[in-house]
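Naming follows writing order (A, B, C, D and E), and every chain is counted from residue 1.
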Amino acid sequence: MPTSYTELYFPVLVQALIAMGLAGGLLTASYILGKRVRNRVKDMPYESGIVPTGDARQRFSVKFYLVAMLFILFDIEAIFLYPWVVVYRELKMFAFVEMLVFVILILSGFFYMWKKGALDWSGTDLSRRRR
Amino acid sequence: MLIDTVLFYIFAALVLGGGILTITRRNAVHSAMWLIVSLLGVAGLYLQQQAEFLFAVQIVLYVGGIMVLFLFVIMLVNLDQAARERQFNRHWFVALVAVAAVGAEIGYFIYRGRTGFHIAELGAPIAAPHALGNTEMLADTLFSEYLLPFEIASLLLLVAVVGAVVMAKKRIQ
Amino acid sequence: MMSAVPVYWFLMLSAVLFALGVAGFLFRRNIITVFMSIELMLNAVNLSFVTFSYQLKQVNGHLFTFFVMVVAAAEAAVGLAIILTVFKNRSTLNIDEVNSLKN
Amino acid sequence: MPGNFATASDVIRFLPEIILAVMGTLLMILDPLLHRRSSNAFGHLSILALAGALGGAIYAYLNGGPAFGGMLMVDGFATFFGVLVIVAGILTILPSYRFLARQGAETSEYHALLLFSVAGQCLMVAANDLIMVFIGLEISSISSYILAGYLREDKRANEASLKYFLLGSFATAFFLYGVALIYGSTGTINLAGVNVVLSGPGAPSLVFVGVAAALMFVGLGFKVSAAPFQVWTPDVYQGAPTPISAFLSAGPKAAAFAVFLRIFTTAFAPIGHGWEPLVWASALLSMTIGNFAALQQSNIKRMLAYSSIAHAGYVLVALTARSEVGTAAAMFYLAAYAFMNIGAFAVVSHLSGKGERYQNIEDFSGLAQKQPLAAAMFSIFLLSLIGVPLTGGFFGKFYIFKAALESHLVWLTVLGLLNSAVAAYYYLRILVMMYMREPAEATEAVEPLSPGLRLALIVPAIGTLFLGIFPNWVLDFAGKSSVLLK
Amino acid sequence: MLDLLWLIPAAPFASAAVLLLVGRRMPRKVVATLGVVSIAVSAIVSGLVAIAFIGSPPPGNAYDQHLWTWIAVGGFHPGIALYLDPLSLIMTLVVTFVSFLIHLYSTEFMAGDEGYARFFAYMNLFVASMVMLVLGDNLLLLYLGWEGVGLCSYLLIGFWYRDPANGRAGQKAFIVTRVGDTSMAIGLFLLFHMLGTLNIQELMARARADWPVGSGLAIAAAALLLGGAVGKSAQLPLQTWLPDAMAGPTPTSALIHAATMVTAGVYLIARTHVLYEIAPAVQLAVAIIGAATLLLAGFSALVQTDIKRVLAYSTISQIGYMFLALGLGAWSAAIFHFMTHAFFKALLFLAAGIVIEALHQEHNIFHMGGLRRELPVAFWAFLAGGCALAGLPLVTAGSYSKDWIIASASPSPALWAAAIAGVLLTSLYTFRLIFLVFFGTARTPVSKQPGVAEQIPVWVLAVLSIVGGSERPAYRPFMAHLFGATPKPPEALSTIAAAAAFFTGLVCAWYFLRGDAPATNPLARFWYAGWGFDWLYGRIFVRPVEWAARVNHNDVIDSMYDGLATLARFVWRGLALTENGKLRWYAAAIAGGTLIFVALVIFL
């Protein structure tokens, strides 16, 4: 039985350190060993070998952003669910109602985004279709 | 005990190094990467102070959520242009002095007031066994005392959703 | 069970991190990096909270930190959306070029 | 045990926030489902929601007391400010109908965000725990950030939103640092708890709590635009849609002041002598900077922003008094200020035209000839802002300076009076424009007063005059509530 | 009958509100009727009230009408209440009556003006505020009236806004009086704070009971109130706004800037005379300010070329007399002079208005002349008013009131001499004006004769200017009760000296100040040739006068206000720099502010 937090999580730490060390080591190695060429072509975005045309800004689409937003939404919900699970056995109905209210609110946010066309990748968003 | 101290130094180095590099790297992507390093360091310090739930949240929400959002945005805007820009303002020196003053002030103050932190006997001690961690206690408190903030947090998220959509969606004519 | 590391080291670290955030805010040009500096500041605050909470043997500080994180997420979502809009309208993220409102 | 944390009475005391949140969510969901033709319906709905919240707030007051295990405190103070922010919300919506239609903007999200923002402010004013203060503040602020940039094609609005957001988050970080220090030194974030620890034996050193108070002052001072944290105000007020500028100057400001008063006069009361110099200095700075910067300002929204800074200074004078009379004076003043300032902004919004072209003081030339009603109402607001007797502004100032004198702040009073003398100059300039100039381009092009706008002008005018002629009722209530605060 | 008191401010106020809101759409006849009738109601009611008051004086010789309680919080409950005693009765009577005449006059004078309704609205509002100022029983109402008259004055000076100079004059008036107002507001707060009540009568009673003679608080309060009075009444050093205020329409000048508003300062000091009695130093200052102002303004009036500016300086000078009287403790004399001055100065302005109107808005007295036959109404009115102003002994009201003041000054030789010199100056500039305008050759043709609405007020005022002084025997005991001390009876020496000064001035004016070439006149040539009197005169008299006039006319004090404005602009520019739109600077300001705040806490 470990006696302190440090001991408890020591294995985790070791693993994390190994992972980081490995990644860092590899990167450093490639940095040291690899040849560094800096020119325009090298700095260009890689588009499957095709020469990029136009300004990067033209490919700008906020849908990516909205999806990331959705991700955050559910991320937070998941995080709240974790402690909820811990106490659910104790609180039963009460906790259920609490979480229900929370989830309904979160879901209405999701519904809103969905209806606003955040998940619509067909090229036209809802608002346009409606017009 | 020694290992605690050593770990503290390691994490502190991560936090500070990451922080410094965040605010000094030219490239926004690099800045974000170093910010992640710094956040991980902070997460480590959380763990060291028995806040494993926060440790998880820090990694899942902060690193995995917020920083992803940052990186998305950096990718969406014109990276080349952003990278080419001179990152520092001419007045950086003034700012640096001001910041050093703030730091010195806060540092001095904490140093002076360090004895002030030992009136700790007010709160209920964390009596939970180590193995359990304090997540259960935290959950208990969250769903009783902090019930209202918890529910209200969903409202906050709604605001964020509406706000992000309003700002980011295309204009309907 | 008390950590061997004195409390105020944590607090000092937090203070320095906060100062770093302020510094970043004050002399970065890229709006996104400026925003990242705010995240540094928030993390400094969180670190203080956790330290105090540990010290006081309470979970209130942890919960506060937790809510700070949730709020930070909401703030980031909205803030980055605002930054995107600014970028769309002005094609720049240089903080010094966003100064059309003035005396 | 769970029963202790969400009883029926808790829910009743939380009624206004529930109504606002539910209606806001409803508006949000309805948006994609309804047709654009019904854009006015959203306005009606949100006024309905606010009216419901108003009723809810009063009902909650009648069943007042602490809620949710001491997270909230529904007392006279909370109700006073709750009603104030709700009314500010209604008065913001009234001129928004025409404004949004003219700018061709969507209405549903606007109103949803407004409702959320008001809900956040209601939380702030009732909060009895720093975490509720923080979350309420953030709900209110994040909605405000968006609302400030709601016209997202407009570069000025973008910029206002960005500045407000970045600086707001910056200031919030300071506030949080202050909260952390309070937590560290007292072991609690409950306001009553903090008070107990600070006034009990073995209280932490003044330096420690003082620094925490100073840092929290930064965050709150930012929200109420008190110097030296006022820098954002003119830019944001100028760039934001005019009804939103009105809202910012009334709702969030009043709510932040409510928090200010509650924290500093309850939790931090035992260390009053420690923070008094800060508030003193900030009050003086705000008044001076606000009034002098407004003197030559030609953009009316900026001018009103500076005036808003100056008025924050006056309220801080009341806070410096550190007495119940001072608190009551601040409450009364904020109520009067909400009316007169929203009214003034409503006139500005009426005149500004499409794309908010007309924002200069010269654009008001000859308004009295074209629309005597608008000009007359604007005059009432301006006279009240000056502090001419028979208007709410006069009594507000009078009470504040009375309270300051009772606390022996003679110098601050004298300087405040000198300041309000300076202020009269720039308000009167607008009066001169309206009554002593020939109509100009803007006034020639001004559209007829819509019913909503008419209401948006007349209601605040009646409010302003009511507070000036029959201040008794409100003062009474404020006086009683300021005692309950303890 | 006394119950009707509230109607005196209410009638003009209601009329003003109606005119402001819908006046634009009303026909002129209705506007004029409304404007004049409302004031007539006030005047009649104040007449009735006066009869009732004098006929059966209420207990304590004062009547308090409580309308409603304004606020009641924590043992503090000022009401909207009117207070009538001999002082406010006299003021109210004069204000409403003179206002009525001037309103009547304005119906014709302003007939061609497009802002007809606006004009009457402002004027009515002014009367309502002035009456409120006079009748208010507490400091709040007094302050309400004080601000109200200031606002109306400001609006009316800038009434003809097409000319930007007029707007500037209005702003100047506003700024300069604001300096005084602020001082007064601080004074009122001080009184309220120290004595704990807003009721003026109670305040005075408590001041007398609590403060010993010469106590610092009394001196401070009295001095601060004096600041307000000096600003409103255009006394040294805040006198510069009044001549510029002549940019407003002439009825405005007559009503606000001659007869009523500018004497509000006199009223304020008379109302709070208890304070000055326990602060003798300040009372002396009042006398000195009065004496200095009456001389300085008299000199200035001598060299003015604009007819209204002559009268404006004359007003300053006459209010200087009132201040002198106040400073000497001759409260009744000051109020008496206020009354007679209201009559004759209003008369002079109205007559000047007729002249200006007749000569196509000509203001320069050197372009006038010979109007004696062309405009007989104006001439006789001017003669009556001028004689009263200069104090033609035994006949005119002005001489009675002025003699009283001079007699009160006799204990102090310097002030007495100043008062006598003032009479000489007054006589000089008055007759210079009359001779230049009405005698000699006509330089501008007369295009319009006054109509009935203009003539009636002029005749009524002319009669009052002559016989108004005979009320003194009745007036004195009436006021004596109020102020306690009985004033000195007129002395032979003062009367004779004043009379001598008057005639000297008259003669000198005839010989030296009648034209631009005094040498053409035989007596002057004789003096010049034979006795070198002209040289002497030039040395002793003209040069100093010219110097004083020049110094004052070049606006030494005025430039001080310009300096203030420049300072404000400078501060503004500095502040504008901080709002440079750069987010970084804003953040730096916030961080810097935090730094300073935290430092304050740590190191303080």
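Heads up, the rule we're going with is that a contact is a pair of C-beta atoms (placed from the backbone, for glycine too) under 8 Å apart; a residue touches a chain by one contact, two chains touch by 3 or more.
Predicted model only: the values in this text are computed from it and were never measured.
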item: Joint neighbours of subunit C and subunit A, given as chain labels; value: B, D
item: Most contacted chain pair (by C-beta pair count); value: B-C
item: Distance-to-centre winner among chains (Cα means, whole assembly as reference); value: D
item: Longest centre-to-centre distance from subunit E, chain (CA-based); value: A
item: Rounded Å distance, subunit B centre to subunit E centre (Cα mean); value: 69
item: Approximate Å spacing (C-alpha centroids) for the pair subunit A, subunit E; value: 77
item: Length of the line joining the C-alpha centres of subunit C and subunit E, rounded to whole Å; value: 64
item: Averaged-CA centre spacing for the pair subunit C and subunit B, given as whole angstrom; value: 6
item: Two or more partner chains touched - positions in subunit D; value: 2, 6, 21, 25, 28, 131, 135, 138, 142, 145-146, 149, 152-153, 162-163, 166, 170, 184, 187-188, 207, 211, 234-235, 293
item: Subunit C, residues touching no fewer than two other chains; value: 11, 18, 21-22, 25-27, 35, 51-53, 55-56, 58, 60, 63, 67, 70-71, 73-78, 80-85, 91, 96, 98-103
item: Shared-contact residues (touching 2 or more other chains) in subunit E; value: 576, 579, 581, 583-584, 587-588, 591-592, 594, 598, 602
item: Chain-chain contacts as defined at top; value: A-B, A-C, A-D, B-C, B-D, B-E, C-D, C-E, D-E
item: Parts of subunit C lying in touch with subunit B, wherever the complex brings them together; value: 3-13, 15-24, 26-30, 32-33, 35-37, 39-40, 43, 46-47, 50-60, 62-63, 65-67, 69-78, 80-85, 87, 91-94, 96
item: Subunit A residues touching subunit B - in the complex, by the definition given at the top; value: 1-6, 8-10, 13, 43, 55-57, 60-62, 64-66, 68-69, 71-73, 75-76, 78-80, 82-84, 86-87, 90-91, 94-95, 98, 101-102, 105-106, 108-110, 112-113, 116-118, 125, 127-128, 131
item: Residues of subunit C defined as touching subunit D within the complex; value: 11, 18, 21, 25, 31, 34-35, 38, 41-42, 44-45, 48-49, 51-53, 55-56, 58, 60-61, 63-64, 67-68, 71, 74-75, 78-79, 82-83, 85-86, 89-90, 98-103
item: Footprint of subunit D on subunit A - complex, ascending; value: 91, 94-95, 98, 105, 108-109, 111-112, 115-116, 126
item: Residues of subunit B defined as touching subunit D within the complex; value: 109, 112-113, 116-117, 119-120, 122-123, 143-149, 152-153, 155-156, 158-160, 162-163, 165-167, 171-173
